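Heads up, the thing below is written out as structure tokens.
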Amino acid sequence: MVDLSVKIGELELKNPVLTASGTFGYGEEFSDFVDLSKLGGFIVKGTTLNHREGNPYPRMVETPSGMLNAVGLQNKGVDYFIEHIYPRIKDVDSRIIVNVSGAQVPDYVAVCEKLAPLDKVAAVEINISCPNVKQGGMAFGTTCAGAESVTAAVRKAYPKTMIVKLSPNVTDVAEIARAVEATGADAVSLTNTFLGMAINTETRRPCLSTITGGLSGPCIRPIAVRMVWQVAKAVKVPVVGLGGIMNGRDAVEFMLAGATAIQVGTANFIDPSVTGKIVDYIEDYLRRHGFNSATQLIGAMEA
Amino acid sequence: MVDLSVKIGELELKNPVLTASGTFGYGEEFSDFVDLSKLGGFIVKGTTLNHREGNPYPRMVETPSGMLNAVGLQNKGVDYFIEHIYPRIKDVDSRIIVNVSGAQVPDYVAVCEKLAPLDKVAAVEINISCPNVKQGGMAFGTTCAGAESVTAAVRKAYPKTMIVKLSPNVTDVAEIARAVEATGADAVSLTNTFLGMAINTETRRPCLSTITGGLSGPCIRPIAVRMVWQVAKAVKVPVVGLGGIMNGRDAVEFMLAGATAIQVGTANFIDPSVTGKIVDYIEDYLRRHGFNSATQLIGAMEA
Amino acid sequence: MTKKYIQDFTLVDKRQVTPACHLLKLAPARGGSLPTMLPGQFVQVEVAGSKTTFLRRPISVNFVDSCDNTLWLLVRCAGEGTVSLVNNPVGATVNLVLPLGNGFDATPGGRRLLIGGGVGVAPLLYLGKVLRDAGTSVTFLLGARSAADLALVEEFEKYGSVCISTEDGSRGERGFVTMHSVMNESFDLIQCCGPMPMMKAVARKAREMGTPCEVSLENLMACGIGACLCCVEDTTDGGNVCVCKEGPVFNIDRLKW
Amino acid sequence: MTKKYIQDFTLVDKRQVTPACHLLKLAPARGGSLPTMLPGQFVQVEVAGSKTTFLRRPISVNFVDSCDNTLWLLVRCAGEGTVSLVNNPVGATVNLVLPLGNGFDATPGGRRLLIGGGVGVAPLLYLGKVLRDAGTSVTFLLGARSAADLALVEEFEKYGSVCISTEDGSRGERGFVTMHSVMNESFDLIQCCGPMPMMKAVARKAREMGTPCEVSLENLMACGIGACLCCVEDTTDGGNVCVCKEGPVFNIDRLKW
């Protein structure tokens, strides 16, 4: 009998498999394909203080082993989430984590204050790394000062588990990770998408309405694994790893690199049932390799 | 009749197609597959002051739409190049550019001083972005001060065209590009490989002897195109674009983003004859789209 | 909303019907009956054998043949993904996510004009069949560049009267569908699928005639189930909505064109 | 050095010869004769139909059949790339870069022992044929886990005497090749290809016996033509050298094991 549970700060997860913000809707979209109660948790899409229409179409282009997106945090705002969506999903037997974005620090604080009273919202993931918004977003995630300002402010306002989602578009991600750890993050998650672009050479126009967008998918997995490895060595708080996880093997790779839990993102678009399979794979992997707890995989790479 | 020629500083190329350092040997390895005189030029592999054995095996692992390598600048040193290799290749009717690496600034200077007298070495490409060496390499390429120190010193010692090869593993590549432009670079080339890693989950050991390596291939092309676009807007000197170019369409994409010339790297491993096909594609593309000169493609994306 | 499945199918029959289009007939790999599908819904097809294809490809339901329990997909070779898909040998396994989207208004009654252009004729076959079975009179108006590009005309004739427009006049009336004489007759509802310029022209015409009109959009999409928010269309009532979930079929009153 | 080519071939015949291995026979797609290939050289095979395969796969030349102008490749299904390769239907086009590497010492004369393990027997068939044609006496020692895993034994018997070792004793002598009685006879040259542990054991044995020995390495490689410097082996005389160019065949005196 193997124990799949892991802990992110105070937060206990029944297994390390989470879903990445913006790739799993509010869970409901996937209930025909996967038993949500089988997941360690799901991270609902980027929520902002006010309603956001997001960026104009086209917002997506396929790339080699990946895709670029420029959704731009389209969402109906935190109040709509609390009134209309939370009641529908709160009874799912899994952890609900809300991803929070903002243009300025007070936005993050206001959203987190509104989410704090919700019993079934177990944690927030602070997004300081969205590449697809003009103000805020990645701007906060690419400097220590910016990252600290958001983390410290939210820490004061939000008592439960706070995960800070880091940008990979930096010279030294470990330095940013140390900065948010020092200012009160209970965990860090990485990586968000990589800033990229593509051009239609026949029309000579950019493929995305915003020209640049966020690259995700297995194409960037080797970079994400490296960053998770660097950050796990640099901080004491748990690291949540993501970036191109397509199957159970990839999930294990991130854990061996130092991740305590993992997030499945783009893979949900290709196989909406993949998260359940990943949970099964991890359990089988632990058995095959003679481990009795998922925690034994964390940083277990033998260099 | 279309004109394929482009200029990198003082250096005239018969067409924009170059080969990336470390992916085309000294040209000779490819002479059975492509007429070298058809290329705009080829960049011979990273040359250092002294002989280097490089890193231990294993040095390579396949990744989704790409590969990680950790060769570590294996080469026989600049003197061996001058005595044994240069005489063999100097009469090829194409431009020879030597990629130069070093652990300290004086190494770069010494190598460039030795190369300067060679008539048929048209330019040097200063590698301040190798992710696979302990000292120097990427360390110089990830800060403006480091990049400036190498660029300024080589500029004093080397009178011909100097291209500085930039690292993508930075927060703001445009800032580094401006720094090397200000200190005397005639052109910048980007991107070098992205720092990544992969783990064999069955052995739980890293796939590379050095744990981390450089990621190349079409997987990272969207990031490289974005960086070329940002740099081309930030500097006046020509930009040489590379990163996952697999065919003529990809080459055109980089030029539309702002590249004056392009380098073909990893694609040479999969189709050793690809460079010739890319030259043909560009010529055909110009015809199809009613251009009469390759220079008209540079930065011609309509945003 | 219809229940969604991710399911393996077997390619049981394959036929090239125009220079650009192949008809694929798929049956559930493990037997059993087909999921309930509505006319105008689509499926997300996994493309296994192409290096350069990462995402699934959305293909509209062309026909559901309850007699031999097959799902028909009309696939236009538009790129490496669709080429690789039609190159599957008969007997190959193809994974589908289905059924997706809302579908056309299939409420019986009134006179319907179903207008299709190119591969856009695909969803109209199943729609026509369902309407005809419910006793609704159906007129198809099929447009193509030339006679050779018309797909499955003989199938359409089973379910309604068929009018044809070809740009070169090689079959039916010469010109675009909007110039076809049948457009002068009166209908209670126009339902249209085809290239964007054609659908916009049809929408204009429908507004002139004051005839209600539905169009089926094919915005670029990743997930097909309303999660990625990539395929949005800016609507008059709801702002950016997912074509894969609230569409692909929209009444033109909701569209800003 | 043999001239290299990048060339399309047609898969003309395919046969599974062991649970893990398939024999593929390839002929030049546009006709013409095969390039000159030396025993022990290899080819780089493009894998078109696999999402997860980016690089070519190096496969050693198993046999060159000048009668029907085919190149034989013995392919072990080791991952998605090789599986996709053997799943090619007869008639499929396969692109090769060839011939690559140095090859075995094929100078006639003396008594040769050719030792192969698993799929490593592949290059020894063509080597044995070339040696036998030159009047050199050839003894094959083929090793496998069990009888079912032995490939092409009847082919080997055409070119020399065949000794067999199986780990389970289901055919020939039980145990590893290094335990086979034929190892007690004296040879002028041992040439070996197989799993690394086997080749190292053979090398040890050869050193004990004072018999010259060549082994064929299969270090992971990208380009196959000496450009990427990924497949290096650390040699006693030359430091890190490319297995794809200076190898894959090395005299054990050059190796540090």
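So that you can tell them apart, the chains are marked A, B, C and D in the order they are listed, and the count of residues begins at 1 in each.
One rule holds for everything that comes next: a residue touches a chain if its C-beta (ideal position, glycine included) is under 8 Å from a C-beta of that chain, and two chains touch if they have at least 3 such contacts.
On a predicted model such as this, the values are computed, not experimentally measured, just so you know.
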Separation of chain C from chain B in steps, with touching chains one step apart: 2
From chain A, the most remote chain by mean C-alpha position: D
Distance from chain D to chain B - Cα centre to Cα centre, in angstrom: 36
Length of the line joining the C-alpha centres of chain A and chain B, rounded to whole Å: 34
Where chain A and chain D are represented by their mean Cα positions, the distance between them in whole Å: 47
Residues of chain C whose C-beta touches two or more other chains: 51, 53-54
In chain A, residues with contacts to at least two other chains: 63-66, 217
Complete list of chain pairs which touch one another: A-B, A-C, B-D, C-D
Contacting residues of chain D [partner chain B, same complex]: 3-6, 46, 52-56, 97, 219-234, 239-240, 245
Complex contact set, residues of chain B against chain D: 22-25, 29-30, 32-33, 45, 53-54, 56-67, 69, 71, 74, 217, 266, 268-273
List of chain B residues in touch with chain A within their complex: 63-66, 68, 142-143, 169-171, 194-199, 201, 204-206, 211-212, 215, 217-223, 225-226, 229, 244, 249, 252-253, 256-257, 285, 289, 300-303
Of all residues in chain D, those that touch chain C in their complex: 48-51, 53-54, 84, 89
